[in-house]
Structures are given as structure tokens and as C-alpha cells.
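This report concerns only the one structure given below.
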Amino acid sequence: MKIGFVGLGNMGAPMARNLLKAGHALQVFDVSAAAVQALAEAGAVPAASPKAAATAAECVITMLPAAAHVRSVLTGDDGVLAGVAQGVTIVDSSTIDPASVKAFAELAQRQRNAFVDAPVSGGTGGAVAGTLTFMVGGSTDAYEHVKPVLSAMGRNIVHCGDTGTGQVAKICNNLVLGVTMAGVAEGMALGEALGIDPKVLASIMNTSTGRCWSSDTYNPFPGVIDTAPSSRGYTGGFGTDLMLKDIGLATDAAKSVRQPVFVGALAQQLYQAMSTNGAGKLDFSAVIKLYRRDADEA
Amino acid sequence: MKIGFVGLGNMGAPMARNLLKAGHALQVFDVSAAAVQALAEAGAVPAASPKAAATAAECVITMLPAAAHVRSVLTGDDGVLAGVAQGVTIVDSSTIDPASVKAFAELAQRQRNAFVDAPVSGGTGGAVAGTLTFMVGGSTDAYEHVKPVLSAMGRNIVHCGDTGTGQVAKICNNLVLGVTMAGVAEGMALGEALGIDPKVLASIMNTSTGRCWSSDTYNPFPGVIDTAPSSRGYTGGFGTDLMLKDIGLATDAAKSVRQPVFVGALAQQLYQAMSTNGAGKLDFSAVIKLYRRDADEA
Amino acid sequence: MKIGFVGLGNMGAPMARNLLKAGHALQVFDVSAAAVQALAEAGAVPAASPKAAATAAECVITMLPAAAHVRSVLTGDDGVLAGVAQGVTIVDSSTIDPASVKAFAELAQRQRNAFVDAPVSGGTGGAVAGTLTFMVGGSTDAYEHVKPVLSAMGRNIVHCGDTGTGQVAKICNNLVLGVTMAGVAEGMALGEALGIDPKVLASIMNTSTGRCWSSDTYNPFPGVIDTAPSSRGYTGGFGTDLMLKDIGLATDAAKSVRQPVFVGALAQQLYQAMSTNGAGKLDFSAVIKLYRRDADEA
Amino acid sequence: MKIGFVGLGNMGAPMARNLLKAGHALQVFDVSAAAVQALAEAGAVPAASPKAAATAAECVITMLPAAAHVRSVLTGDDGVLAGVAQGVTIVDSSTIDPASVKAFAELAQRQRNAFVDAPVSGGTGGAVAGTLTFMVGGSTDAYEHVKPVLSAMGRNIVHCGDTGTGQVAKICNNLVLGVTMAGVAEGMALGEALGIDPKVLASIMNTSTGRCWSSDTYNPFPGVIDTAPSSRGYTGGFGTDLMLKDIGLATDAAKSVRQPVFVGALAQQLYQAMSTNGAGKLDFSAVIKLYRRDADEA
């Protein structure tokens, strides 16, 4: 399939490479000429603008940092909507707010194009390995149409419901993640302060009702899980600033529907405090440093 | 073994029955004569006081609502310490604060007796089935000594470390549990408000980073997990008032060591608000009612 | 002075009337023709658009619900910036985010016009009486220029600093207000539950370190302050949804500069919970209903 | 009047001196012999125990750190209740939990003595100057009886209601204080981060709805109020650990009556975080250091 791809950052570049490997023809654009050049060397056709990338494409994929970038890439004078044909499916894999998704979908529909939100989980590792999870919001037809394309980049392609529900799934999951990590950090730090061996505490938690991904896979206490960022100085995982972005999208969406999110809003402040103190680039599990008095300062 | 057993409530009675089934000789006491009578019919020797239950016993087990009861049962004029021989291990399976455990252990040691804290998880179902988890705090010797006895009542007998660490494990786990449940409640209610099917949302969460016992086993949204209390009107699970007791022990212990527990303290207030509003007897997952506007009032 | 005035709602209409009373010539616009007609009867010249209201004006004042309205009124095809001359001062008295203020100021400057943010406190009562407080952000020149105009509508015209600082003053004040009200509500409800006469408690608080406007002027407990909304069924004061808007601006601004606002974010959730439960139109001091078990439901 | 006085610390010693100055005869006891000696030099009769201090006294006053000390001083073998005559009024000016007050009052009543709780506000400065506020819980008779005595030590002697309500008034006030200070700290720090002059912001707040003792008298931002601890390095005021004690009494009392205190519990965690980080001896307004990124570390 001929695919336009816009956004070749840490996530987008390896995703685009996996599409090339699967035999798709790619027209790629990024604000970084070097990023475009690197993909061109891998077989993609470089495009001079989002518009050019979208021209004559059967499918357009965007992977961008925030809603403002998506808006600009889609609706700018040189944007995707200015170049795209009719009957095309536009897939946005960025993590953005559900309200923007609905606005973009409406613009696409006016052009007789489908718009699908398909944010991912799995991180840069999953992007490289092609094992991402895609949470897809859109009509069943649109979902079926893009599923083969997304399958070249991910392992689980989940249909979440109508337009916007892909983003809803992602931000609700990450709200829960932000809260459970803060809870595990408090529980582990409290246990340490009260004199229990952190490994013993984690082993009990992980076979009991406190069990969660934040404890059994990504435990914030150093040394408990060898493969977790906490065991390598909180580097190389899911950065605090990224968590802050996602949990901010969740509390904003909650505000838009007047839905209280007590512990979510508090967890957001904890990650904000980390970011303020210069720990924004550390893995978000470093939130435990707010609780451990003998830990080195973040 | 000849065992003194004090406290024959919802948990203690089935635990004592399992000891009888395993062939132990029991001397039992409870403030309820009916409870004592019921156990006597099952083969236990009724005792007129904690002291009488402890007399000539090789091991004494207490299973009581709170530290004040344990104190009174141990140190009263007719208490366990007034009747017990030397070289006996006293096992307290109540959930109480770690500081009280240490005080009781000291009193026992003065008498040349060992004291072990061994709070349980698994609820009344686990007590009846003999599948409880025991979190044991005490010396290795004491742990090895009581392990066979506890094995008649539970499946996992975990040595957590020195005296008090059994309670630390339990309250830290339940702190995390109280937080994760509140987080899942917020995430599920937010998803509902934003228009995603709750079953779809839960299925994504449960295979992603939001995965936790509160979501995959005990999901607070009605109908998501058939066997969860949420699917039967929030009855018959872990009562809100019990969660409130445990999370209160955790925040009190945190206060005693000046350890902040931000989200834990907030979750405590949420359960307190439920209790204030008359929902104290409902399963604690009913906390989701604080968030769902169309849910029937708690 | 010839003044263009856009936005004739509950606040804007009485403000415009006070300008007329002070002898200014007004060109007025509102999306409601009836609102324009009412002002025309009071002596203003009706305008067909923001552009028309701004044409030939020496000063333009906008008083609108949110930043999106200000943007549209200023930058639309029929907007203020399309009609205004050079050397004019545009005063926005809406409560909006400081970042939008800076963007609008830049647009105005490109036209060689000054832009001043001048949000108010004092409510509709103060708007009618002409006793508002204006918090003015802008250059000293611009402040001096508009001070006489604002003085026709308010009693205190405070220069807060550069562009945007008027909004900063307002949202920081209202953040503190939202927190103190929640705190007083908790303290008063706790006192009631513990058996002290609420009037006695308030009188102590108001002569002690708990003293605050939320306690001594606007106490949320019914009957403590006769003139407070709490003593008339929480009607006719500062609506919860308005507090929610202002505290939302504060937490959003905090997010934009990565500044934690722990208690502010929590207070926001409390007002959000009220709004969810249908109490959004009640005075914000009705937050105490979340705490009082025998109070009628909000 | 012949008065027994137990507890000669930072508060008790100057209070006792003021009683001496007013012409009362004092029998004094403290665990510190030096403290007793100092008072003896000022004219008091040294006593060897609380019992001795209470013997033949017409009124007994205790001023101690916590409920456990009061219990021991009252009920110990050498305690006040062992030495006191009948018809005496026992005044406890310590800040303790209302439930303990009721227990002590019952013990006193069995001896036909009255018990009055009379915690103070005003700090060591007020204790020296004799300008304390006494919040008195007890019968009207008991209040009238002790009022002249308390007037020698304080300026406002407020009758709060029945036994325990003095403590209720104090802890509810200090709950509100703890919350308002955290709120002001957030508002001031946010204003700073958004670029407004802190003095300007405070002056607006202090004439507007954010006005409170924590802002207009004790502003946490250095340099805003010359006489506030924030302007002298957060020394010499109301220590964080003392705030933590009082707000802990409030949240504990709330727990005992199942009353939610959302923002109060969160403020408690903030002060706990300060204490954890070694700032427990600083004035509690140093909580603003949690928010200001360029402030020197607490």
C-alpha cells in the first residue's frame, strides 16, 4: 500500500521502518531533514511537506508530540488535508485529547476521508520490535481497513469503539498507571521505613491484592526487579515528563466532562513536583525518591 | 499440639475448626459464650478466660478486631500472659499496628515466651477453606516452630522478617490496594464518562500497564468481572470499614515514622467519605460510586 | 472618551452602564441583540459587530466568558483588531489564562495598540455598584491611560505589573480562595461532628490563626454569617462552576510552568465533584455539603 | 489561690510565672529539676511529684506535650489524682485529643472534681506576655471558677462548650490554619513562577477574597511581611513538628467520627514531607520551600 507518514521521531522512525520492511511504499515527512534522509536511505520517498507526503497516498499515518502539531500537520497550508485524495484513511498514532480527535475526524469526513485515532503503548522498544499495542478508535470499516497496516508495526490491534475511544483507552490506562505507581512507591517506601526487606515486601504484594504492573514488572524500589528502570538509575524507561503529559490529558479530559479524579490529580502533582525539581527526564518510577529520605536527590 | 485459641469471630472460628480437623487439641475462649459453645461441639475444650485457654498450652493463637482487644486479652488479670507456661509461642493473627506488636513481644519475652505476628489475607472464604496467607514476623526459630500449626489454616506461610514485619507487610499491601482500587475506580468512571465501553477499557487495562488486582480480579465497574462484588451489588467482599481500618493503620504507622503517604492519605479520605455516607458495610470497590453520576446512591 | 464595549452579560452590562453614567460615549456589541438594545436605551450606540464597536474608539473594553470568546472577538473577520485605529488601548476584563493574554498583546502591538489585562473581583454586586477591583497588567503608561476609565466602574484599580500579571493576580487569589473555603468547610464540619457549636467555633477561628475571608465573611456553615450565601440556601453568590473555571485556570497555568499545586488541585476536584452532582449553580461555599452527613443533598 | 502546676516547659514556665505575679501561691512540678528550681527562685514551692503539687491545691493546672504525659501525670501512682482533694478544678492546657479529655474528666468526676480542657493559642510570646487565648471546655460553673486564674495568663478566655470542646476548637482552628498556609504557599509560589511581584500579589490577596492570617500576618514568602518567620529564615515561629502534631490530632479525631478531611489530610502529608526532609524545626510556613524551585533546600 502507498502510505504517507508524518513524524519520524523516536517512535515514528522505527514504526516507519517496520512498514517498509513489510513491503509498503512510504512517502515520509518530518521537520528534521536528517530524519527524512535516514528513512529515505531505508527506501522511503522523501516528501517536502505533509501535503506532499499525503498526495496520492492510500493511507496517511501521523506520529507527533501533541495535538497542536497534529492540527498544524493536518490543517496547515502545506498540510495533509490539502494534499490527500478522497476515500483515504488518516491514522493518528499520537497521544492527544479525545476532543481534538473528534474535531480532526470531522474535518476529514468533510473531505470524504476516514479518521482513526490509534495511540500506542509499548514504548520505543515496542516500536523497534514491531510489538506495539494499537488502541484504535473509529468505525468498524475503518478499523478493518487499517488493521493490516498497523499489524506491520504492532502485535495487538484493539478496536476500542468509535472515534476518540482509542485515546480514551490510552489516557484512562495511563491515569491508572500513574496512580498505581505512586501507590506502590508509597507502600514500598513505607515498608522500608518500617523495617521490612523491600524484596520480601514486593514478593508478598505481587502474590496478593496489591499486585500490579507497577509492582511486579516495574517496581520503583531499586534492586527488586532487575529489568526495571529503578535498577539502572531510573534511566531508559517511560520518562516523567511523558507521564506528566498523559496524566495531564486525562485530568483535562476529566475537567471537560466534569468528572472528579481525586487521586489522579494528586498523582499528577507528584510527577509535576519531580519535573520542577529537575527529574523530568528520569523514568516516572523515580517518584519513589519523593518518599525515601536516604535516597540520593532526584 | 495443645493450642490455646482466643477470638472465635468470622475469621477465628473457621480457623480454629481447621486446627481441630488437623488433629490439634484446642482450648478456646471468646467473649461470646455461643461462639465457644459452637467450637466445643466441634471438639474443642471450652475455657472460661484467655488465661484458662492459655494454661498448659504449647502455643497460643489470638484473632481479634484491634490492638486494644489484643492488649486486654494478653495483659488482663485473666489474660493469656497470666496463664501461659514458659517456652510457648504466642501467635497474634489480628491486624494491628507494628508498634503494639513490639510492645507485646517484649512482654512475652520477659516471660521467656516467643511472640509472633501473623496477620492473614484471604478473607472469611480463605479462613473456611484453609487457604489463608499468613505474613509472619518473628525469629526464624519461632517461624519454623509455628509454621506447621499455621499450615493447618493456610496455604502460604511467609516469613517476613523480625517481629512486626508481618503487620508491616499486611498494611503496606493494603495501602497499595486501597490506592489502586481508587485509581481504577477513577479510570473506569472517566472512561465511561468519555464514552468507551467499560468491558473494552478493562480488557485493555488488564493487558497493559494499568493491570492490577483491583482491575483484573476485583474490577469496581459492575458487570466487568462476574465474580467481583461489583457484579453483585458490592456485597460479600472486603468491607469498606475494614479497608478503612487497614489503611488507617498504614497512615498511622507512616505518621509514627514521619513518612509521607500522599495518595494513601487521600484514598483513606475517600473510604471515610463512603463510611460517612452509610456505605461502610459495602465492599470497598463501591468507592466507584463516588465517581459515577448515574449510579444509584451508596 | 469614545469607548467600544463588547460583552454585555451579567458583568458587562452594568459595567457599561457605569461608563455611560460617567459621561463616556459607548459603542456596544453583544451576541444577544436584546442586551445591545437594553444598553442602547440607556444611551449607548449599538454596533453590528466587534469591529463596528471598535471603529473610531479611543479605548476598547471586552468582558467575555472565556479565552476562546476573546480570541474570536479580537481576531475574527468582524473582530476588534479589524476595526480599531492605531494608538488605542484594548482592555480585556475577562478572566482568562495569562498565556492567551500575551498572545493577544502581541497581536495588538503589531497594530501599534496597547493591550491591558484587567480582570475584576467583586461580582455582579460590585459591577452594579461600581465598586469592582481591577487587577491591571500592562505598561505603566497603559495603566495610567486606562485608570480613569476603569475608575468609573471600580473602586480599586491596582497595577500588578507587566502584561498578564492582572490575570496572574486574579487566578492566584482565587486558587487560595478555593483552598481556604475547602479548609474552612472541613474545619467547620469536623467541629460540628465533634460537638462544638458552629457559631462558637467560627468566632474563635475568626479571632485566631484560622481567620480568613472564607470564615469571617463567607462562612460556609448556615447561620454563622447572616449575609453569606450559606444562610440563604447557597444562592446568589460565586457559583461553583465559576470557581471551577478560575481554579482550573490556575492549575492549568501551574501545569504550563511545571509548578505543583497539591491542595489547589485537590480543591479543584472537590468543586468538580459538586458540579458532577448537580451543584454547579450553587455558591461554591456549598462544598461543605460534601462533609456534612445530615445536610440535605446538594 | 493555691494552685498546683505541672509542666514547666517553654509554655508552662512563663505561664506559671504570670500566676505568681498575679499573687497566686504555686506548688510546681516538672521532670526537669532545673525547671522546678527556676520557678522556686521566682517564689513557687517546689514539689517532688505531681501528687505533691496537687496536695491541698484549690486548682491544678497541667501543661504537657501530649496525652500520654497527661495520663501519666494524672493517673500515675504519684499522680495528681492520687494527691488532690475534693471540689478542685483540674485544668489541662495541653493540646490533646478530645477523647482523652473525656476519659480524664470522668476520672476526675469520680473523685468529685471538675476537669476543664483549656488549650491555648498565642505561642511562647503570648505565654510570656500573658496574652494567650484559652479555649475552655467544661461546665459553665467550672468555666466561671477558672476564668480569674486563666486571666492571669491570657487575654481571651473563651467558653467553647462542654468538656472537650476547648480541644475541638483548637484542633479545628489549626486544621484550617494548616490548610490555608499550604494554599497561600501554593498561590504565592505559583504567582512567582508566573512572573508577578510577590509583594504586589500579597497586597492584592490581602484586600481580596484570598485574605487570611497565613497571608496578611504570616505570609510564607520571604520579605513580604517583615515580622513573619519567613523574613528571618523560618526561625522562631510555630514549628512544623508542632503543626504536624496538631493537624494529626485533627485528622485522628476526624477518623474517630468518620468525617472526611480531604485537604486537611493532604496538608498533613506536606508537613510530614517537610519533617522527613529535616525541616521539622523550621516554622511551618517553610512549607513554601516544597514549591519554590530556586529556594535553598529545607
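Think of it as A, B, C and D in the order they're written, each chain with its own count starting at 1.
The criterion applied here is as follows: a residue touches a chain if its C-beta (ideal position, glycine included) is under 8 Å from a C-beta of that chain, and two chains touch if they have at least 3 such contacts.
Predicted, not measured: the structure shown is a model, and the values here were computed from it.
Colleague: Chain A and chain B are the same sequence; what rotation (0 to 180°, nearest 5) superposes their CA atoms?
Modeller: About 180 degrees, rounded to the nearest 5.
Colleague: Is the number of contacting C-beta pairs greater for A-D or for C-D?
Modeller: Between C-D and A-D, contacts are more numerous in C-D.
Colleague: Measuring between Cα centroids, what's the chain most distant from chain D?
Modeller: Here the answer is chain A, farthest from chain D.
Colleague: So the centre of each chain is just the mean of its C-alpha atoms; given that, what is the distance between chain C and chain D in Å?
Modeller: Roughly 39 Å, centre to centre.
Colleague: Take the average of all CA coordinates in chain A, do the same for chain C, and state the distance between these two points in whole angstrom.
Modeller: Those two chain centres are 37 Å apart.
Colleague: So the centre of each chain is just the mean of its C-alpha atoms; given that, what is the distance between chain A and chain D in Å?
Modeller: 51
Colleague: Going by the touch rule set out above, which residues of chain B reach two or more other chains?
Modeller: 254, 259-262, 266, 270, 273, 276, 290
Colleague: Taking touching chains as linked, do they make an open path (line), a single closed cycle (ring), a hub with spokes (star), an all-linked set (complete), or other?
Modeller: complete
Colleague: Looking at the complex, which residues from chain A come into contact with chain B?
Modeller: 98, 121, 133, 135, 156, 158, 160-162, 164-165, 168-169, 172-180, 182-184, 186-191, 193-197, 200-201, 203-205, 207-215, 218, 250, 253-254, 257, 259-264, 266-267, 270, 290-291
Colleague: Can you check the complex and tell me which residues of chain C touch chain A?
Modeller: Against chain A, the touching part of chain C is residues 244, 248, 254-255, 258-262, 265-266, 268-270, 272-273, 275-276, 280.
Colleague: Can you check the complex and tell me which residues of chain D touch chain A?
Modeller: 262, 266, 273, 276-277, 290, 293
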